[in-house]
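Please read through the structure below; I'll follow up with questions.
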């Protein structure tokens, strides 16, 4: 597959580039100067655009994808409501994959957390741990979990330290028994792997807006 | 509800009796002498029979439940294939609930373990911990998990020590990320709670053989 | 050994009474009416007084122990500075054992946490979990840990839920490696066991004020 | 400091080289051809030799260190008794640092595990987890822990999976309370860091054979 990659110079971008190159032809798109017209200058038209740069740039990439009739995977975060509106609009005409935590394992983790929350009678707590350089707390993923498990009125706590990548834990404290779910990212590569999977998947989807839940949902197994 | 309880004198039996009495009228059935005809001598016919005694006795209780046209919950373990055959036969005529780990949380735990196993690409390991007096190892529940997760070719390990009740952990070791599921029984009461739930549920079911999975399955939420 | 037990009716008191009775003759001291003169009415003079009632009562018990020349173990919490002053004063004349978390395991846990903090270069975090009915947060023990590990500038978090007894975890997040210490109380009996050990130990000590650290410190092994 | 590094091409060697270069002048010693005479060809005499190649080569490096009167740090494993004998002999004339798990955190972990084992009354279990490519099981470190905690008659278990670096857990299961110690290596760099610390430390030691325990032991704090 031929992939145009926007934002390959960031921490995540480098990991994404390495993973994508294993099975694809990757064109790195230079975004110095703030425009991405150079996508049009790739040797041949790519099959999909992957943007891991930043919110503002990704809207621009989405517009270009639309103009070219190409699917796009957006793996950066921090879009405001206006930017999200633009991305949604574009998804009427092309397949758009938008996800904030691109790890396949994290989506599975969210699915089972939601299932336990709805079926197990207990108090819910979310605890997350990240490296000392992470500035926002709680993490965006912890906040997504909080929303997802809102029915269980979760409390939330966090720790920062060392250089570990990131761990999310959800505790369900019942009467006389507890269930604890833990997801540990060992390397940023797990996010890159998710982006690679999303890229391979999105090229076969009809127009629309997709996220990791859609990718997992379409898998064969479901909890009956 | 009126419940005839067989085997109230054991460790689990005492916990079950305490939990059931909170919301039900419980007739303790004396099984000294090895027969349970005295169920017929309860002041009024019970709504359900609960047997937490032993494999052999439970078959006798099932036969009596059949004769009386009553649903039965069997919460003891160790049935051989002949005994299981007899229980299955009886379930053609009455609702029979048979489960080896009566904790609701454990069934939910099994469901999510199966879901992760089928959707997450990783190596699977089961680790269980029980008090030093538990003789069989791995635990029956660990062996059930091993069968359930057979597709992931799980390895299995265990520890024995102290007087904790019991913990089961399933690890999914992926590339660059891991998911760990942990279930901890804090007290035998969690099994007793499951038996109480099963008792309330079985009285409204058609004839047939049921287990915890059926009880949970019929809950509203399923992982789509 | 003969033990006068003050406060045997509380949650902890009942557990303490059960444990102490296994190896000792225990006189339960009635404290209805707010005075404990009835200690003087025990059939024979006890070897030690154990008070697990409340801060105010324990000061009264300490005064009586002083008058009778008996050692005392104080296992209740919440003393203000004036009450502490009185207890310290009494310890000039009799052996006084005062500890807030009477579990032997917790003292060992504190010792190793302090050792790791002083020898391992990492960020320190304390996380504690208690049952949903515990009102104060963070727990007194977590606050003691915070003080003990002050050199590591620990952060602190907590969760409340279910009916588990209590867990304390200390994380040391280093560069490229982490050390995590976890102490789990499975039952209030672990506090009662500590009180029983302190009772047997205090009767052989000279006058002075002691705590769990002293009891453990005198053990044979020390970390060289 | 000037360091001659033998074995810089291996997985660990690369990590060691990167860490050492941050604060030192590193001469990589080519060992193709199986001899290390080229150490004598370094531009200036190094302050210390670090060997992370293999058991056989490290004996040769030790002999050369001896001939040159230089301290040596040996960070490779698998020495047979004859090789160990040669290393010990050389340590009569020069300072030799020999350790199988060079992580500082692991040595601290061993120290506290030994302390808990000697002071806490409980059943002891060692569980270790490593990536799927690790061939030996249990790990060498788990076996060292087993020997260290022999007084507690530890049981041992392990899991293999994914690409995590390595985790060691020691459980102390007591009556009514448990203590669990966990060490997680996030990256091979933690071993490299230990080698860097050992290198800086060994140059100031008298002749003799040292390991990580000696390095930590001399720290200011000890568990009184």
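Per-chain residue numbering starts at 1, and chain names A, B, C and D are given in the order in which the chains are listed.
One rule holds in what follows: contacts are C-beta pairs under 8 Å (C-beta built on N, C-alpha and C of every residue); 3 or more make two chains touch, one makes a residue touch a chain.
This structure is a prediction, so every number in the text was calculated from the model and none was measured.
Colleague: Which chains contact both chain B and chain C?
Modeller: Touching chain B and chain C alike, sorted by label: A, D.
Colleague: Farthest chain from chain A, comparing Cα centres?
Modeller: Greatest centre separation from chain A goes to chain C.
Colleague: Rounded to the nearest whole Å, what is the centre-to-centre distance of chain C and chain D, using the mean of the C-alpha atoms as each centre?
Modeller: Chain centroid spacing, chain C to chain D, equals 39 Å.
Colleague: Could you grab the centroid distance between chain A and chain C? Build each centroid from C-alpha atoms only and quote it in angstrom.
Modeller: 48
Colleague: Which residues does chain A have that touch at least 2 chains other than itself?
Modeller: 122, 162-164, 174-178, 186
Colleague: Chain C touches which residues of chain D in the complex?
Modeller: The contact residues of chain D facing chain C are 103-106, 108-109, 111-112, 114-116, 118-122, 172, 174-190, 193, 216-217, 219-224.
Colleague: Report the residues of chain B in contact with chain D in the complex, numbered from low to high.
Modeller: 122-125, 127, 129, 132, 155, 157-164, 171, 173-176, 178
Colleague: Within their complex, state which residues of chain C touch chain B.
Modeller: Counting only chain C, the residues touching chain B are 162-164, 186.
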